[in-house]
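In the two complexes below, subunit A is the common chain; its partner is subunit B in one and subunit C in the other.
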Partner chain A sequence: MPETKSQSFDESQSAPMHKALQREIQLARNIQMKLLNGEKPELPTGEVSGISIPARLIGGDYFDFYPLGDGRIRILIGDVMGKGIPAAMLMILTRGAFRSAAGAAQGPGQTLTMMNDAIYKDLRKLGSFVTIFCADWEPATGTFVYANAGHSMPIVVRSDVGTVTLPVLKGVMIGGLPGQIYKEKTSHIQRDDLVFLYTDGIVEAQNAQGEMFKLDRLSGILVEQSRQTAEAIQNAVVEKVNEFTKGLPQKDDITMVILKADGDQRGV
Partner chain B sequence: MFKYELIDEEATTVISFEGDLDIDATELMEEEIAPKLYDCSNIKIDFSKVQFVDSSGIGLLITLIHHLRERGIRVRIFHVSDEVRIVFEMLQLPDIMGADVLPEFEHS
Partner chain C sequence: MPLHIEEQQKGHTLVLKLAGVMDYSTIDGFEPSIPEKTGEVVVDFSALDFIDSTGIGAILLIIHSAHEQDAAVKFTGLDDNIKELFDTVGVFRILESLRKRGR
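Our next item is the complex of A and B:
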């Protein structure tokens, strides 16, 4: 019977199909990891570090560094709505928009404006959006100019003071409304400050009891580790989140970017 | 786990959401809740039992509201908890969804 034939054909194809799918997801993961974890920019002073840990094989979080060639560096962290492969595809779209805008835009506000102009229609068509925090940082002077498209504000830890708050800046997420003009604010990052940019996957990481990692716990770790190198701080946060979740699969991707103005190697 | 309850009060349909609004609510929202609401003309969403919403949940909500309004259905969200209000305000949802959808919020 034709139906039986067709059914047996499908069954015989399912194992190779599954294997091919697995292989393609793995390849997609490799591409994403290579794009995300590119070379860290060399800075005359200060240091940067970043990591993204997808909740599934691939994720929708994104961070990037774009040296502006005049001692400033443009930094971006973003969270694409959704998880897994669909979010990863939109993350690539976001990356393309950032890379195109970053070279032409005067500042972080214009970068977000250009990104929204470029991908708003696509995101609306797909019913998605991206939250982004973007900043221009000049480590030599400490000037930190930032713009925000619906993302969490960074945490700043100041030695001997603890956490300090940057003036809050709001903005509609990318893909939220057309023709948005993103405002900028300017702050000053001191020589021994730690600036921690993150996506909500960190503070919303859950343990088996359903408790969340929360902002207070994260801030405590950053205060404790603030004199370490950017990479050591990053490793400490990842370790603490892992200790908390005990390997429980997470719903959201975890991404962080760390900026250290002094960039020295002092231990606590 | 995300749940909902639908009550018809004369000309208004009240839908109460309960639980975490995140990616796990996708199928329920898209395949069950949305089609049920398409026949209504006036909807109130009670958000009082939603204590957590993440970016995926916000996306689901925006898409739902967008599809309802496209069909000429009046929809308003009430009783947003403090935790969720912070997220809504950070994302400027009154601007995105329309101030009339979130009457408890100040329009910027």
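Our next item is the complex of A and C:
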């Protein structure tokens, strides 16, 4: 019967198709990992580190460093709405917008404005958005200028003080409204300060009892580890999250960027 | 837990009562349908247990669809967690801006 023929044809095709799809997702993962975990910029003073761990094979979180050539570095962390392959496609779109804007924009605010101008229509059409925190950091002076498109504020840990709060700056997510002008604020990062940028996958990581990792636990680890190198702090946070979740598959991608100042300038 | 959206048309007001979980696993393919001549869309969050970024994307679809039809959008029953989340990502700013802008 024709129906039986058609059914057996589908079955014979499904295994190779599944294999091909798996291979393609693996290749896509390799591309994303290479783009995300590229070269860490060399800084005369201070250090940076970042890592992104997708909840699935690929994810929608994004971080990037763009050296501005005058001792400053432009830093970005972003979280694309959704998960998996659709979010990963939009993460690549976001990366392209950042790389194009970063070289032309005067500051982080203009970077976000240019990114929103470039991808607003696409994101609106797709019913999606991206939250982004962007900052220009000059490790030699400690000047830290930042702009925010709907993202969580970073955590700053100051030696012998504990966590300190940067002046809060809020803005609409990229893809939320056309023609947005993103404001900037300026702060100063002191010697030995630790600046921790993150996506909500860390604080919302869950264990088998359904409890969340939460901000307090994360802040405690950062205070405890604040004198370590950026990479050691990063490894400690990943280890503590893994200890907490005990390998339970997570719902959201986990991404962090760590800045450690090492200059002579005392901040304000 | 699934998502349940109860729609009630009261004159020119459309009430969307959200219940359950509004996230990546429950919201796939969501398309808001706002009847013609609706002047106001009220989104009631009082029975919503959880919302993630995909759920916020669906709320943005409601906001923009209503705006295209000249309908105002109002939120009720927001708990502190959802309020904080909406404030962080900019949902309230979008509502405010579209309200001021008109069509």
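Here is the rule we use: the second predicted complex is superposed on the first by the 262 of 268 C-alpha atoms of A that agree within 3 Å, B and C clash if a C-alpha of one lies under 4 Å from a C-alpha of the other, contacts with A are read in each partner's own complex, and residues count from 1 in each chain.
What we mean here is this: a contact is a pair of C-beta atoms (placed from the backbone, for glycine too) under 8 Å apart; a residue touches a chain by one contact, two chains touch by 3 or more.
Since this is a predicted model, take the numbers as computed values, not measurements.
Annotation: superposed three-chain arrangement on subunit A; subunit B versus subunit C shows a clash. Contact with neither subunit B nor subunit C is seen for A:Ile92 once the two complexes are overlaid on the shared chain. Applying the stated contact rule after C-alpha superposition, one finds that A:Met33 touches neither subunit B nor subunit C.
Within the superposed three-chain model, A:Val238 lies out of touch with both subunit B and subunit C [touch as defined at top]. In the superposition on chain A, A:Asp79 makes contact with both subunit B and subunit C.
Once the two complexes are laid over each other on the shared chain, residue contacts for A:Leu68 go to neither subunit B nor subunit C. Put simply, subunit A uses residues 79, 81-83, 127-129, 131, 150, 152, 170-173, 176-177, 251-252 to touch subunit B in one complex and subunit C in the other. Here subunit B touches subunit A in the complex through residues 22-24, 52, 54-56, 58-59, 62-63, 66, 89-92, 95-96, 108, going by the rule given at the top. Residues 79, 81-83, 124, 127-129, 131, 149-152, 170-173, 176-177, 251-252 of subunit A are the ones touching subunit C in the complex. Contact residues of subunit C toward subunit A in the complex are 23-24, 52-54, 56-58, 60-61, 64, 87-91, 93-94, 97-98. Across the complex, subunit B is touched by residues 79-83, 127-129, 131, 150, 152, 170-173, 176-177, 200, 204, 251-252 of subunit A.
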